[in-house]
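Two complexes are shown next, each including subunit A; its partner changes from subunit B in the first to subunit C in the second.
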Partner chain A sequence: MSLFSPRTHARLKSSTAPSVSSWQSGTGNVLHRRTVIPPWFINTASLILMGLLVLLSLSIGVADFSWSGILQSLLTQSANSDSSLLLVSRIPRTIAIILTGIAMAVAGMIIQVVLKNRFVEPSMVGATQSAALGLLVVSLLFPASALIVKMGVATIAAVFGMMLFMLLIHRIPPTDFLMIPLIGIVFGGIIEAVTTFIAYQTESLQMLSVWQFGDFSGVLAGRYELLWLTGGLCVLAYIIADKLTIVGLGDNIALNLGISKRQVTWIGVGMVAMMSAVVVVTVGMIPFIGLVVPNIVSRLMGDKLRRSLPAVALLGASAVLLCDIIGRSIRYPFEVPVATIFGVVGTVLFLWLLLRAPAEQ
Partner chain B sequence: MPTPLLSSRSTASFFKRPLLTAAMTALLATVVAGCSSPESNDSEPADAKTENPTADESQNVASNDAVSAEKIMVNTVKGDVELAMNPSPLVVYDMTLMQDLAALDVAVDGMPGGLLLKNLHSETQPDPKSVGTVFEPDLEALNAMQPQAILVGSRMAEKYDELSSIAPTLDMSIDTANIYESSKQRLHDLGALFGKSDQAAKLQQNIDGLITEAKSLTKENKGTGLVVMVNGNKMSAYGDKSRYGFIHTVLGVPMADDKIADAPHGQPISFEYIQKANPDWLFVIDRSAAIGEDGIGAKAVLDNPLVAQSNAWSKQQVVYLSPDSYLAFGGYYQWMQDLTTIKDAFTNAK
Partner chain C sequence: MFSSTKLTSTKTGTTNTSTAVDNSSSTDDQYSAAAQGQLAKLWAWIAEHPKSIAAIVLLISMTLFMTLNVNGYWDFALPLRGKKLLALMVVGYAIGVSTLLFQTLTHNPILTPSLLGFDSLYVLLQSLLVFFLGAISFTSIDPLAKFTLEIVLMFGASLLLFKLLFSKSSQDLTRLILVGVIFGVLFRSLSALIARLINPDDFVVVQSASYAQFNTVNPQLLGISLFICVITAIFVWRWRYQCDVLMLGQAQAVNLGINYQRLAFGLLTVIAVLVATATALVGPVTFFGLLVCALTNRIARHMYHTERLILVSLVAMICLVLGQTIFEQVLDMAGVLSVVIELAGGLMFLALIFMSQRRSL
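Then we have the complex of A and B:
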């Protein structure tokens, strides 16, 4: 189920970039592979993987903690230090990680389908950078405003940023699909430069860095709950999954099937903006999840969103869980921000995705 | 693996992104083009202006000859440098040195504009001109000023070569691992350079007096300490070789965790870490103070069930340090302010 028109396909075949053309020919393999690995298997496997990672995430931490203490607390029906630690610190952190992973992966999948482009993610269309800019401006002008206000402004900024980006790429022929991520990176870079400049002038670079480097060290009960909003948005994404898929098939098909492409596109854009804003406000930017995870899933299961979204969500959660566990362990008792770890792991994964394709031909 | 934390990324990693750099260059080019065009329209006034600096220069040379031809050795990071006394015009790029000079009542002719601290410039002296920021010199302004000496510290140290081509540049960075001795040397040298050795010695006495007082208190009130910087909802811990190391090395407060490695922005930690390290004293630097939420931000972030389990929180032994300790570590006013804060906290604890 290719996301690209036949014309793109033909053009790419003749293009000189081998990785790109192999990427395209990979769609053939996707059809083939899908018959080999059934979706229920992938979903069950990722669910088990996620379960194991959740247990690991709950067990790892600086403070003293034992599962026998939890068992005791359950048996005696009374709270002890272990159970309170679990409730105050470990469970909130794990939930925050899962929700962030799901949100970023699903947002990446939505934006890839809506833009009909495999190489984009929220940070490549200016969404996360615009959210950070909005957050910085509202924090400087109204430092005392409530979190919900800050998040609202960040969301509006993200929507505006993405609208600007959509206007920019409107003039690019749809066949030139590598231009979209390129322009996206430049566009995001310009917004980030403006943000950095404002932060620099107002001595708030340190504050900005909190949003630019995603990390879960500050997550406690009562400090992450906004992330549940992204959970709701993911459910909405699942509900409108079929419409998004149809829009991803192309303008003519959408028209023929009676789907308002415009409407669905804007709903998608709005959802991506909100997810990015919530994640930036609560934990900070985490690059690559939205790029790598949907690509892996799409290779295994194709692009029918109703089928692949659960896998995207599960794999996204597992990926962030794994990276956070690494970040918490390698310099114990100190932490390495999850954004740094994912930057490394994500790059390796993405290169592997790009480079392994030719071998299959 | 070095963690690209906080603002350490600001400039370095910024230019590692080629696309961003290209965009910035383009932006810069348009700005420069925009600026240069109006000047080229009226070239005659510009020519007239160029005569002024030369006139100033000759005046300065004359005045310098009059005041002193005496030369003096100044200890810098790059070795001892010989310099004529009372260099003027004088440009300073480091907040630590600014504090010392302000306390010595020395006139500074150029310093970065829009700085956060209020005690960087002597009230009795004329206001200095802005010559860029603490990270980036304004070379045009410097060139127009023709300084006799440029004093730089840690933040500007990497621009040393660039600045040296304009005027004698002295890297007088403070060694954070040995902050007391290092800052003592700087204050002494600045005093000597501007013929105010007696005043410098007196200032040093003030610092030493407070240190002795604080030390006697920390000795009595034994207990471990942990230095934590709060930035947004995240925290990092600082060790004894950091700019806050003086709490452990000079004042002798034992470290709650002696395995904290040195890093310019500390080691990122979680709240569980504070619970586990369980310090008796928590020294807090609030980075959000920069946007005018003095102390409130950090207090709200630390106020949670995990930190509450630590001795420091339950005994109300949480000390909020001034932004001076972050920006002007080793400067005169920073010493006075933070030593007083710590002394008061330990006095009240009894």
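Then we have the complex of A and C:
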């Protein structure tokens, strides 16, 4: 229960704000206290937002493209350049963005619940960096191996990296909730240094930079389909959402309610590792989504995963879509990688979260 | 924390000698006892004179750096290597002294200016200057004027950053470091964003302005850096006793008649100048200062700045010169030194965190 103290504390402090009416309404459950806006409203709103962004994302690009052309080809039942552009480039790209956003946001939510810490995300527990290291090693040793093998190795490496990290933070008292992300950042930096060293020695820095830098400009039909796997994992996360929530409540509560904490934790870790590995393999690292989106959603709707996961997924997708659209239009016709944009937006949001949270007493 | 480091250092010293006695006593008791006596004496002498030993090691590594693998073309090799050697030593001095002073100013042995984002700030300033002035006017400014401008900007910005970081959360060290680290990430992301926004010609200018390599040291920049080193050395040397008093804590220092505002201002200026110098010469290195200061605190006999200021410069120079010699001439791996230093420094950072963690428990 002590793990929840920082969060409960944050709530107590901000409960003076007039908007938080549910505090007085006394729903009784900690998890429900902040729920002011009903979930269906948030979900519908984020769905509409995402729909708008999808339309925008489909119509922005260097190649000439017009919706009337699509309409024409639909009416005449014949393929023209507009529809093929849509099918080969724009739609795959948009789907890849949505899936990546969903995967990173959900993975961030899961790792936050499992580690019981609001300030971590896959790239702060060494998952994405380990995945890149594993991918690099397997690409150097067995360059001809199939993509699925490479991804498997990356996933295993990510699991190992997260295990090592969990061993590292094993002795840290959970009340020191900012120490864990700090150690995670340094830990990730160390793995990245090793990866860079290997890449430098084998002259494969260029290959590495593709994975270390999230970018959707290379996404075409046939190059992103692996990302659907993360969609499946998100469905799985939704199915076991209640178990994850209970594990996040603390060891004793999980024991009392008959949930095997160990088993659920490992399933969560495995899922996060796999999502990070798939994203790194197909588009590269995009830091801070898994951190910012779950935090914002949790402030709006509490920590009950079954309730908040859809909003996390939708808002994650919208965030990446928005950043990709910014990246494509800020220096049109050139493209700024989405990881760069999100590095700026995400860090600012994270600093805001850090500076407004109360000091540890 | 400072004093207990001293304690452990003496402890390990004695255990080292005692285990050595145990090992060799089985062979020839009398002889080994005498030899052990000699060894213990030598050890004691080494521990008594860390400065002289460091100076000797530095001289040896300098000689090695200048002479190893020179195949006859002395009049070509010596000036080239001399310039590199000078640059390495300037950088070592700048990083070592700035980190030591920063630790004194913040009363904290696990902080370095780079960990809090100070040198990514310098890179960001470079990018901003090019962005607003354009590459042509940026390169056509007189180097001395440009450097002065950069120092002034850098100083103002670090003053703001320092105020932000230390006014609110100086009590909460973890939050402070985490906020600093995230600021570093933000500055780097912003620089990357600017690098994407400007045209490629300007980008090359930014690149060469922020990451000059040792192999292509700009003689003019080296001259300015040397000049800065001498000036700062004079100031720092005059402040060394005040710094000793400052280590007792701000309140005690004020009680003992230190003009805290003035001293802190002066120290921060020197730190900003030295960070700018080091970054201008080699680019950002996050953990090097931390590594060097931890080493220095370990081998120094006491915490007086008279000793540690000299020692930290010597140790930093040895690390750079000897490391560069080994990697370039012996192992034939030119650009690896910075990676290795970052790796070692990162591990050192984790070790320091865990040590302070255990002590606070």
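The working rule: the second predicted complex is superposed on the first by the 316 of 361 C-alpha atoms of A that agree within 3 Å, B and C clash if a C-alpha of one lies under 4 Å from a C-alpha of the other, contacts with A are read in each partner's own complex, and residues count from 1 in each chain.
Definition applied: a contact is a pair of C-beta atoms (placed from the backbone, for glycine too) under 8 Å apart; a residue touches a chain by one contact, two chains touch by 3 or more.
Quick caveat, the model's predicted, so the values are computed rather than measured.
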| item | value |
| --- | --- |
| Combined model on subunit A where subunit B meets subunit C, clash or fit | clash |
| Subunit B versus subunit C as contact partner of A:186, first or second or both or neither | both |
| First, second, both or neither for A:173, with subunit B first and subunit C second | second |
| First (subunit B), second (subunit C), both or neither touched by A:336 | both |
| Which of subunit B and subunit C A:196 touches, first, second, both or neither | both |
| Partner chain(s) touched by A:354 [first = subunit B, second = subunit C, both, neither] | second |
| Which of subunit B and subunit C A:215 touches, first, second, both or neither | first |
| Listed stretches 4-12, 256-264 or 328-336 of subunit C, narrowed to the one that overlaps subunit B | 328-336 |
| Footprint overlap on subunit A, comparing subunit B with subunit C | 182, 185-186, 189-190, 193, 196, 200-201, 330-331, 334, 336-337, 340 |
| Residues of subunit C defined as touching subunit A within the complex | 168-169, 171-172, 174-175, 177-179, 181-183, 185-186, 188-190, 192-193, 196-197, 286, 333, 335-336, 339-340, 342-343, 346-347, 349-350, 353-354, 357-358, 361 |
| Complex contact set, residues of subunit A against subunit B | 61-64, 84-85, 88-89, 139-140, 143-144, 182, 185-186, 189-190, 192-193, 196, 200-207, 209-211, 213, 215, 217-218, 220-223, 328, 330-331, 333-337, 340 |
| Subunit A-touching residues of subunit B, taken from the complex the two chains share | 1, 3-7, 9-10, 14, 17, 19-20, 22-24, 27, 114, 116, 133, 231-235, 237, 257, 260, 267-273, 275-276, 287-288, 290-293, 301, 304-306 |
| Subunit A residues touching subunit C - in the complex, by the definition given at the top | 119, 168, 171-173, 176, 178-179, 181-183, 185-187, 189-190, 193-194, 196-197, 200-201, 287, 330-331, 334, 336-337, 340-341, 343-344, 347-348, 350-351, 354-355, 359-360 |
